[in-house]
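Got some structures for you, see below.
Consider the two complexes below, in which subunit A is the common component and subunit B and subunit C are the respective partners.
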Partner chain A sequence: MTRALRHWAAVIAFVGPFLFMLLMFQYVPVARMLWDSLWDFALLNPDKRTFVGLGNYLDLFDDPDRRQAFLVTFGFAAGVVLTVIPVSFLVAVYLNGTLPARAIVRAVVFLPVVTSAVVIATMWTFLLDPNNGLINGALVILGLPKLAFLTSKAQALPSVIGMMLWQQTGFATVLFLSGLQGIPRDLEDAARVDGCSALQRLRHVVIPLLSRTTVFIVVIMTVFSLQAFAPALIMTSGGPEGTTNFVAFDIYQLAFSLQQPGLASAVSAVFMAVVMGISLVQMRLLRTRWTY
Partner chain B sequence: MKRILPLLGAAVILVVILTIFLGPYAWIVASSFKPQFAIFRDLNPISWGTFIPANPTIENFIHLFANRGVGRALINSAIVSSCQVLGTLFLCSMAAYGLTRIRFKGAGIVFGIVLMTFLLPIESLMVPLFMHVSKLGMQDTLVGVFIPWIASPFGLFMLRQAFEDLPRELDEAATIDGAGHWRIFWSIVLPNVRTTLATLALVTFLFSWNAFLWPLVIIQSPKNQLIQLAIAQSVAIGQLPNWGETFAGATIATIPLIVLFLFLQRYFVRGIALTGVKG
Partner chain C sequence: MLRFATALLATALFAAPALAGDRSAPTADCPQGVLTLSVLKPLNNPPTPAMISAWESGNKCIKIALNEVPFGQLADKISVLAAATNPPDLLMFDGPNTQTYAAAGILLPLDKYFPAGLKDDIVAPTLAEHTYEGKIYSPGTQQASLALYYNADMLAPLGITPPKDLDKAWTWAQAIEAMKKCQKGEGDNVSVWGLAPSRFGNATPGFVFRDFLFVRTFGDPKAPPESSLYKTYWGISPDGKTAQGWLNTPEAVEGAKLFADLFNVHKITPKAGIPNAFQDKKACFTIDVSYFAAGLVNNDPGFKWGVTPLPYVRTPVVHTGSLTLGVTAKSTNPDEAAKFVIDVSTGKIAEDYNRAARALPAMKSIGARIEWLKEYPLNIFQEEVEKWGHPRPPSAHFAQYDKIVSDALRDIAYGADAKTRLDAAARAVQPLLAR
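Then we have the complex of A and B:
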């Protein structure tokens, strides 16, 4: 009896604190989010509330602003994935060759990964400044016209995608690079003996063998992009005309500026379901065996 | 000629890559040592002066520390990040020990509970968490910034893996010698997973130092200001930003991480690759 007691005391002592904190700060808030999404109230006075049932969810799907926020966020994620994958793959192939300064180049492309989202958004606000920005300065030197970037409805989202590409390339490159280095040397040698050109070897040997790595990078980049917040807050305020109004920023605005935490909770719940759904589907793909 | 061309090509690509990735940093750092008018003057047109200050001044930095409370923000950030690192290491390593070294009924369920939170985006938690943490009386406190994140599912996963890889013969021998769980945990398991602990500490520090959304929500008063919030505030839309000062702030906030990164690159890359799934 005392042995069993001692056993459970040890279990509780070791696992209890973690579990308690996890329930306290992850599960309770999720429950609270689902509950709050059924009410209409203000953050300033959360106890004075009216029950609206699924009303917030109906509003959410009805409201063009909310729909736009989700579309913008998906478009952003798609843009980031579609640019980061090819660019980082090429950089990785380049770094995988015999290059004297490889370690330095790898460290340099990785720098933006350890720099905070705030510093990067700040940096790029000034890089993209329509009048005194560094990028427009470079365009002028090349004899090209200046661009409006973040102040233009058409260019704002692509500009932020460009920033994210710059920020995430290093991360994806390092992952691709370790994938490339995992490819057995003799496979490529065999293809070379069989008369495959460098391009053919890339197409028929290297790329198929990297499919697992690629899916992994797609998952990470999708999740990172869906969670974008700092660019909207620091660079654009979600504008112009909502073209960079990411869902995370929309939730923040709804709850803390517009005092509609009920609606914000409903948006949060839908957002959580979407992000977890996408991650699960992609991870399922990741678990599939890719044999060649 | 045939051998020179590819070499030349590789060199050109090298210069392009270095320019694209280092250029913005060089510009920010150089401009942080310039007064506002010089930043604009040196951009039209771009020249060496854009990236190397002709008459460097530390005016921007002095102003930041004297009038903007950046010193305070740096100290606060250091406190928050250190506490988050210690808390995470403590909770996660205890739980990882419990799940790998003590056989108990329900371990699978506990692991399932942790697994479920792995993909939870924190952006969706900000509103309910804000209300919850406020109710606990931790709104606008430094404790409120780090306490919700120390039970890190990612940390538990990483350590659990390392603990599993450690041969069980080690602690079985210690049990025969009469050592209890606490002793085995403290003097046998932990010293053998030092590398993983260091990696987790580094990644946690990085995330904590760079965190923005949650601190923005939970902190209001200037005395609890964190460094990322201070920078974000100086570019706030609608204000006429002081470019030099903002750049100086960005430089100060980034230097500690870059120094850590240059010395501990290997751990960084390994740790961040592992966080991938959590995002």
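Then we have the complex of A and C:
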């Protein structure tokens, strides 16, 4: 065997299985999804199908329920990113210092990250129960009225955002912490010598130098939020009045419960394009201007 | 993509049972080998281990392999299986979905397997539910209807005596009055609710089997067919293709408002589920099926309880229909699978199950032999099936209708405007019915 052949044999041996899996379970299904989005059929009888061209895409944009699902999902993602980023940054700054109980706080904060999304959603369903939930119990002790949480049109989405904040803060904190620990000490020392206060050092040195980490966390949190499925399935069934009907759950409902896999595929295709677009815009807007 | 993915998933999920469907090596007792029939069924529902072992003891060369899923996942699982080339031999499915599955070609018609006289032995609502375009797809294992259970110990001091006869059934106004009197506490501090929350579906308000009755009772099947009263009672056109103008009539909106008032005006029932609210004395009344009584008999809740017919407004009505067993059209063992269906749905195996579970029989002959069906309290359920019972709105797209209407009723219970939400539901379901 020649050297070139041996080289290619090694390449195929190492990369081939992964490429095969990637093709089989990622790109072929995506291509199939795009193809299915051009047809009207039911999962119960997939052989009986009608070609509708872009009809499913037109229906999608014409349907208020689909538009609501997209808006709810983007609102949810914005809520999660805007709450997780500052909270996790502050926790990371705390954990990066020399304050007491750091190890315990780090473990407590990270614990929800390694817990199943289904378990968390189930647990929060009990916590947010309007009759016997722990959170309402606490409100009553404080002399406050009980809240409806998941059965209220106004409170359901914020409640689920609260759950995601609790779940994802640990992950974002660990990322921020690694970013903080990677900032060269001498940069902060130089700022201190120049007379910067702690707040000024944070604002003018730490935050700019964390921009790579921040971009990564923003993109990751956005993608996690856009994929949200378990809260809708387990906690709210997408209600009340569609206020927690996330796109991923909507796709599932369309395909399996409402027997419209063609429309579900069209929603998936549009959603995939939108998520890719959002990620690109985020990376562009939050691109690193400082490095070290 | 979905079809591909579901086919892949279904193949993976059912590879083992399908392989088990092959016959084992021949033995002395079974020269053709032991055949394994695979069954997809919801957890805690028939066919029970007792039914299976009774059948297997008379059919030594056939074994039954169960694949059980939670009831809430059953319909989705069946949807996935439809794309598979080797689905299970038998499905335990919700009776109202018979038309959906039959129209999609998932189920095998069983007419040719029915022994003489069997069709005549099936109670009318079951026969109607399990028939599609003149063919029958399941004999039926059981029937169901809903009635109002009450805690007699709580009602006695209040001087409330619910009626025991269908002729004297309460109206909803009377029932709500009794529930209000019995409830303990109000606002945020309710210790005993007038009416227990629904335990059906995913334990939120709105499940069609229970809660769409609040709407249908505002209709009248004897009114002229073009009237909104008539349309309200049926909830869907006779051909199962039109909901617009049937689901959202003025009377239907009235019914939905009454349903919402239980939560938001009278505040006699909670919006979120409370497990075992009735058994734990956290509710005076609960709406439930006949086999709920089996639970109360087997696990004494520690109080006297009774049953009264389901209250009504204009027309008394209960939904019929229950889980039933059918043979998949792609089964490679249709003869054996059909024999299993008929054997466990009729005769002694079915009778033993109906007796043990306090389930209403789908066979008239079994009903005639079960003495407690003629005695209070379970006679109420049986009489309701006979006098007030109707299938849930029949359509080849019932599953979609069920989902959309259930979601609408849940939202109405949570405070959505009844008319706006029913209009939205009719608009959403209409194109699906017309497909």
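Note that in this section the second predicted complex is superposed on the first by the 262 of 292 C-alpha atoms of A that agree within 3 Å, B and C clash if a C-alpha of one lies under 4 Å from a C-alpha of the other, contacts with A are read in each partner's own complex, and residues count from 1 in each chain.
Just so we're on the same page, a contact is a pair of C-beta atoms (placed from the backbone, for glycine too) under 8 Å apart; a residue touches a chain by one contact, two chains touch by 3 or more.
Quick caveat: nothing in here was measured; it's all calculated off a predicted structure.
**Student:** With both structures superposed, pick whichever of subunit B and subunit C touches the larger number of subunit A residues.
**Tutor:** B
**Student:** May I ask you to decide whether A:241 touches subunit B, subunit C, both, or neither, giving the answer as first, second, both or neither?
**Tutor:** second
**Student:** So, does A:146 touch the first partner subunit B, the second partner subunit C, both, or neither?
**Tutor:** A:146: touches subunit C, not subunit B.
**Student:** Answer with first, second, both or neither: which of subunit B and subunit C does A:46 touch in the superposed model?
**Tutor:** Both partners, subunit B and subunit C.
**Student:** Looking at the overlay, does A:198 come into contact with subunit B only (first), subunit C only (second), both, or neither?
**Tutor:** Neither partner.
**Student:** With both complexes overlaid on chain A, does A:132 touch subunit B (first), subunit C (second), both or neither?
**Tutor:** both
**Student:** Check the residue A:190 against both partner chains and state whether it touches subunit B (first), subunit C (second), both, or neither.
**Tutor:** Neither partner.
**Student:** Is A:257 touching anything from subunit B or subunit C once the two structures are fitted on A? First, second, both or neither.
**Tutor:** The second partner, subunit C, only.
**Student:** In the superposed arrangement, does A:29 touch subunit B (first), subunit C (second), both or neither?
**Tutor:** A:29: touches subunit B and subunit C.
**Student:** Once the structures are superposed on A, label A:91 by its partner contacts, choosing first (subunit B), second (subunit C), both or neither.
**Tutor:** Touch status of A:91: first partner only.
**Student:** Once the two structures are fitted together, what part of subunit A is touched by subunit B and by subunit C alike?
**Tutor:** 28-30, 32-33, 36, 43, 46, 132, 140, 237, 255-256, 261, 264-265, 268
**Student:** Any idea which subunit C residues touch subunit A in the complex?
**Tutor:** Answer in residue numbers: 1-6, 75-76, 78-80, 82-83, 100-101, 103-106, 188, 190, 202, 204, 270-272, 274, 397, 399-400, 403-404, 407, 410-411, 414-416, 421, 428, 432, 435.
**Student:** In the complex formed with subunit A, which residues of subunit B make contact?
**Tutor:** 10, 13-14, 17-18, 20-25, 27-28, 39-40, 43-46, 50, 91-92, 94-95, 97-99, 102, 104, 110, 113-114, 117, 119-132, 147-151, 153, 156, 181, 185, 206, 209-210, 212-213, 216-217, 228, 231-232, 235-237, 243, 246-247, 250, 253-254, 257-258, 260-262, 265, 268-269, 272-273, 276-277, 279
**Student:** What part of subunit A is in contact with subunit C in the complex they form?
**Tutor:** 28-36, 40-46, 65, 129-132, 136, 140, 145-146, 148, 150-153, 237-241, 253, 255-261, 264-265, 268
**Student:** Write out the stretch or stretches of subunit A touching subunit B in their complex.
**Tutor:** 7-8, 10-11, 13-15, 17-23, 25-30, 32-33, 36, 43, 46, 91, 94, 97, 99, 101, 105, 107-119, 121-127, 132-134, 137-138, 140-141, 166, 170-171, 174-175, 178, 216, 219-220, 223-224, 226-227, 229-230, 233-234, 236-237, 247-248, 251-252, 255-256, 261, 264-265, 268-269, 271-272, 275-276, 279-280, 283
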